[in-house]
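Two complexes are shown next, each including chain A; its partner changes from chain B in the first to chain C in the second.
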Partner chain A sequence: MTTLIPAPKAVRAHPPHQPGRRETVHKWRRRFPLLPALIFTVVVTQLPFVATLIISTLQWNILKPGERHFTGLSNYAFVFTDERLRTAVLNTIVLTASVVSISMVLGLGLALLLDRRFPGRGLARTLLITPFLVMPVAAALLWKHAIYNPDYGLLNGTLNALYRLFGAENGPTIDWVSNSAMPAVVVALVWQWTPFMMLILLAGLQAQPGDVLEAARVDGASAMATFRFITLPHLRQYIELGVLLGTIYVVQTFDAVFTITQGGPGSQTTNLPYEIYLTMFRKYEYGEAAAAGVVVVIGSIVVATFALRTIASLFREEVSR
Partner chain B sequence: MTAHAAVAAPRSGLRKFLRRKDDHGGPPRLTPGWTFAAWLATLAFFAPVAWMVLTSFHQEADAATNPPSLLAPFTLDQYELLLGRDITPYLLNSAMASVISTLLVLALAVPAAYALSIKPVEKWTDVMFFFLSTKFLPAIAALLPVYLIVKDAGMLDNVWTLIILYTAMNLPIAVWMMRSFLAEVPKEILEAAEVDGAGLPTVLLRIVGPVAMPGLAATALICFIFSWNEFLFAVNLTATNASTAPVFLVGFITNEGLFLARLCAAATLVSLPVLIAGWAAQDKLVRGLSLGAVK
Partner chain C sequence: MTIRKITHAGRSTRAVLAAVAAGSMLAACSGAGGSSSGGGGESINVLMVGNPQMEDIAKLTKDTFTKDTGIKVNFTILPENELRDKVTQDIATQAGQYDVATIGAYEVPIWHKNDWLHELSSYAGKDSAFDEADLLKPMVQSLSGDDGKLYALPFYGESSMLMYNKEVMAEKGITVPEKPTWQQVADIAAKVDGARPGMKGICLRGLAGWGELGAPLTTVVNTFGGTWFTKDWKAQVNSAEFKKATNFYVDLVRKHGEVGAPQAGFTECLNALSQGKVAMWYDATSAAGSLEDPKSSKIAGKVGYAYAPVDKTDSSGWLWTWAWAMPKTTKKADAASKFMLWASGKDYEKLVGEKLGWSRVPAGKRASTYELPEYQKAASAFGDITLKSIEQANPTDPGVQPRPTVGVQFVAVPEFQDLGTKVTQEISAAIAGKTSVDKALDKGQKLAEETAKTYQ
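Let's turn to the complex of A and B:
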């Protein structure tokens, strides 16, 4: 990577008398401000992961004290063969893929609209980002009780009002969460994540160089062609960034599952974080939970590798600018 | 406008809608049809929040009707009830955990960002990506060892445990954000100041400070939001003394004997600090959420 950061002047200002020692001292003076943050991060984030690795090789259930022993990779064998965990993996993929893709499409639509002038645009943007700002647990409870509730929720209430409007006695009483648990969770999360996608894409649209678009227009390109061949390629890295950051966060979804469905009915909406939580605090199988955690980390690293590459390309652009 | 024109507007608008720079200066306008669509979508997204706030000002009896009663008499009873006893300690814990961890994050991140931008150490991009990579480790995978360590240290149900965890959770974001703001300090001015013999304190106060201040505020805001909303660690590592606002809300999960109006009041109340902060700083929000990768 080429950087255009100029060579430090301070070195030139003081010609070193004792090159070796001077330089070392200088280097450490420069590194010093970085160290507290670096050491703190290593201790608080890396050590637990090492501990997880170790625990994942133990047979350890706190309901059976004294039976803790090394068990090799058998927890991993369990993780890969257990029916519940396989369901959880599948649910995690379904949940993440649908939330990220739907909110990306909706976010793109909204960003294209908000990139234009219209009366009240500022207010519309403020209202639109609100779902992302509502506390996730509060949002999940709001959907569960105020919207999905079969007896007094907003959805059935609106249906009921519509039925009465057209002369019927009463609307249907649909138990949304029990009938279609996964869509219920997905809708609540899409509602929360669409503003995030919109914000990133809007930033991308507004970073679009105007002269290129102008040139396309002068050359007589149709609006559709301009969008397809100029705007969309320009947006690509913003779309990638949104998808990848969204994926990283949505894979970790815990609040919504815990609150809206508690993984149910059965294990229809149990995703990996919730399943690991259950293994840890309901079954007390620490070894299994740790092994599942390691598997999640490996999965995240795969996704993160792509995310880092995307961010690195944006980052490179900025640095070499 | 005739009904026919109103129907036709969106279609003819599509072409105009996808074109920028229709008129000189500023982005082009939306046609009335698309403006309507934009507002419809906006209101659809905002409706649940509006419903939450509206319900929070109703009595329980008016909140749980079917169909919903929009214009029931307004009351502050729910808020009075909540603030009267239940929620206050939770809000205080949340405030303490969020504010102190945000201050700690800034204390650690600002020097680090300085070392990564203004006078970059060698291999600074590697360090940046190390910080970022820690954000990609799912919190759930760290929960068990953290729980065990905290339990052994006798630190369960202690606000300081949350403060340390939230600091670690937000530090990488803050380093990235602050670096991207500090990188905007013009190098020429820094060099000129050094040639003139200005010491480090002067350079920081006079040159870096003014440029970095808005960035510092934005970073603090993002850290505050993430800490205030955090749930996984709060619900699993605290019990009675140190529980935060999201943990208070969990009490509303069951359907039996649910107080909908009070739930809505509680949800509104705990979301309010972040809503106000987020609305006030929307421009900076995107930069923080994308770790400074997008301006």
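Let's turn to the complex of A and C:
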């Protein structure tokens, strides 16, 4: 008894201190074994970024030793005023927006089809996922040589076969990559990213409660109405996730641009990663490259946030209607 | 001997996170150092470009050089662009990982100015078997510093020439002159265009890049009287001569050039001519070896060769060499120099000829190569024209006016890689029909003026 009385008093007397400290000690005891991992993570992920921030304030061309010096924010000024970089930003936005939106729409369609039961569904699903598993460089090479090549590519080959079928001697020789460079890159990327969107949306569709759909059917809702008012709002989170992840990855596209078009013709398909690559490995201007890299990171965050908000508000309207 | 081949994998990560990679450069500064785990004997690290001649030396070193000297050689072989990235960073950051690296005629003067390279004349002079006097003069010029000393030893050299399908010319009754003018070439291209179903008149590089489209185009600019810069660093990219040359080049490719020209580089053109898709090709003399190989070429033995076409100058071939250089950071200068002297020597050429075949000899650097009866036989169709093209190339005065730097198809300043890449991007767009030559060159002029500011 006597021992019990002072204890609550003491607790009441120092409410924020005693248990807090004990808890902190306890917490740290639990955290301690994780600390090395945490420190390691910080070192390998955050320190390079800090280094990048520092380098972005330097005037540093490695081909001109002895001229490295602090230059403040002038590299950023260059990034924002340089015409080529502005084009690159624009191209990055066009590329990312079109790839993400087209692959999202296609992915949604495929997911809806795959959500139904049909014989051979497992096989169809595996085949549809395959493009996403191909290495980006390999995929880009495949598109450049096997499909777009004007001499021996599949597209012109098919065209020629069709022409011959109707009696012509030879079809047209279309140089796909030079004539429509941006669409060529977009199509190759859509091919890679549609399965990703499809997978996420398929997971969403299969998580849809069956009783709600059944209730809608019993109430006499049409398939279109069920999709629009029940399935689509349910998929919202999944679409958001797909757009977010897709945007983050597609903004960084390098392989397709490097392999298929080399940023050309001119700088029509030069996106930021490729422009940064040129700055780093042709111009050897490390400061400019670092500054552009920082801008890409910030840009990715902005684009992703923006995309997310647009979609969120679209759905709010949809629900309130 | 270990050969570490590094492929394209990982390029995307590196390039996309280029900025982050810059951070890791700081780590590289601490100096990784070469592994010298040879069993008693010394070992050196050699970084080289992945061309066939280099693959050959990687195969031959162990049983010859290492056997004789006890020096172990660790080769790292990389594709050209990756090699430039790696060797530039290694040397610029003084990481000192490599004792020998292959670099080209473009790098030597720039790196020499940066004091990154060991002079090699003293080593070459001491070695009587090496016979420095036998090296071709343009090679020595390209690889010397302004103090007259050698800063790299040539492994093989090349110029440029016109190659054509003799059968097609014979069918059309056309004789290609031994020293054609560009106008003659354009006329022939028009005549042979469509000589066979789908066959185009000529292949000229259209792929952006200072070492791709930039190389043949600059030789055309030179012979049409143009230049990138005047002697006192006035940019000339939109001058009348430069424009005339570029318009000529772009028109010729658009009218009678290969299909997919804006994406066609050396490899694509090599395929186009050897597979019968084009009738002519203007490019590197070193392409002849591949064109004459029946395994890969449908027209082996049927290829005609002519000198680089000209307009105002007497000759117009470019000049390139892959050469061995020793970074100043090396701690094994003696072993490294022994390797370089062996690899660039006469005996090595004979070794390749005897072991691997005479057409694979790393030629184009020594006068004596062309006197070997075995080589003369193997290269009867193109050996003579290659040698004369190299001898005629004048890296100090390749056009009609004096130049600010040494170099035929490039301007030897660090900024040129970037300038050349960007300007050829615009010209490549003109070949694709997406912009006009005038607009492309006006943009190029602005970039060139920017570059010139540093030097005026």
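The criterion applied here is as follows: the second predicted complex is superposed on the first by the 271 of 321 C-alpha atoms of A that agree within 3 Å, B and C clash if a C-alpha of one lies under 4 Å from a C-alpha of the other, contacts with A are read in each partner's own complex, and residues count from 1 in each chain.
As a working rule, contacts are C-beta pairs under 8 Å (C-beta built on N, C-alpha and C of every residue); 3 or more make two chains touch, one makes a residue touch a chain.
Values in this document were obtained by computation on a predicted structure and should not be read as measured data.
Trainee: Pick one for A:A51: touches chain B only (first), chain C only (second), both, or neither.
Mentor: both
Trainee: A:D175 contacts which: chain B (first), chain C (second), both, neither?
Mentor: The answer is second: A:D175 touches chain C but not chain B.
Trainee: With the two structures laid over each other on chain A, which partner does A:I276 touch: chain B (first), chain C (second), both, or neither?
Mentor: In the superposition, A:I276 touches chain B and chain C alike.
Trainee: Check the residue A:F254 against both partner chains and state whether it touches chain B (first), chain C (second), both, or neither.
Mentor: both
Trainee: Per the contact definition in the header, classify A:R30: touching chain B only (first), chain C only (second), both, or neither.
Mentor: first
Trainee: Identify the partner contact of A:G210: answer first if only chain B is touched, second if only chain C is, both if each is, neither if none is.
Mentor: first
Trainee: Any idea whether chain B or chain C touches more of chain A?
Mentor: Ranking chain B and chain C by residues of chain A touched puts B first.
Trainee: Quick check for you: in the superposed arrangement, does A:G264 touch first (chain B), second (chain C), both or neither?
Mentor: A:G264 sits against chain C, while chain B stays out of touch.
Trainee: Applying the touch criterion given at the start, work out whether A:K64 contacts chain B, chain C, both or neither, answering first, second, both or neither.
Mentor: second
Trainee: First (chain B), second (chain C), both or neither: which does A:A223 touch?
Mentor: A:A223: touches chain B, not chain C.
Trainee: Return the residues of chain A at which the contacts from chain B and from chain C coincide.
Mentor: Comparing the two interfaces on chain A, one with chain B and one with chain C, the shared residues are 47-49, 51-52, 55, 135-137, 144, 149, 151, 252, 254-255, 258, 262, 273, 276-277, 280-281, 286, 289-290, 293-294, 296.
Trainee: For the complex, give me every residue of chain B touching chain A.
Mentor: Counting only chain B, the residues touching chain A are 14-21, 26-30, 34-35, 37-39, 41-43, 45-49, 51-52, 55, 63-68, 108-109, 111-112, 114-116, 119-122, 125, 127-149, 164-165, 167-168, 171-172, 175, 180, 183, 187, 191, 194-195, 225, 228-229, 231-232, 235-236, 245-246, 249-250, 252-253, 255, 258, 260, 263-264, 266-268, 270-271, 274-275, 278-279, 282, 285-287, 289-291, 293-295.
Trainee: List the residues on chain A that touch chain B in their complex, please.
Mentor: Those in contact with chain B are residues 1, 3, 5-6, 8-10, 13, 27, 30-34, 36-38, 40-41, 44-49, 51-52, 55, 109-110, 112-120, 124-139, 141-147, 149, 151-152, 154, 156-158, 160-161, 164, 191, 194-196, 199-200, 202-204, 207-208, 210, 213-214, 217, 222-224, 226-227, 231, 238, 241, 245, 248, 251-252, 254-255, 258-259, 262, 272-273, 276-277, 280-281, 286, 289-290, 293-294, 296-297, 300-301, 303-304, 307-308, 311-312, 314-315, 318-319.
Trainee: Along chain C, where are the residues that touch chain A in the complex?
Mentor: Chain C residues touching chain A: 8-9, 11-12, 15-26, 81, 84-85, 88-89, 92-93, 110, 114, 116, 197-198, 207-209, 259-263, 277, 414-415, 417-418, 421-422, 425-426, 428-429, 431-435, 440.
Trainee: Which residues, counting only chain A, touch chain C once they are in their complex?
Mentor: 47-49, 51-52, 55-56, 61-65, 84, 135-137, 144, 149-151, 170, 173, 175, 177-179, 252, 254-255, 258, 261-268, 270, 273-274, 276-284, 286, 289-294, 296
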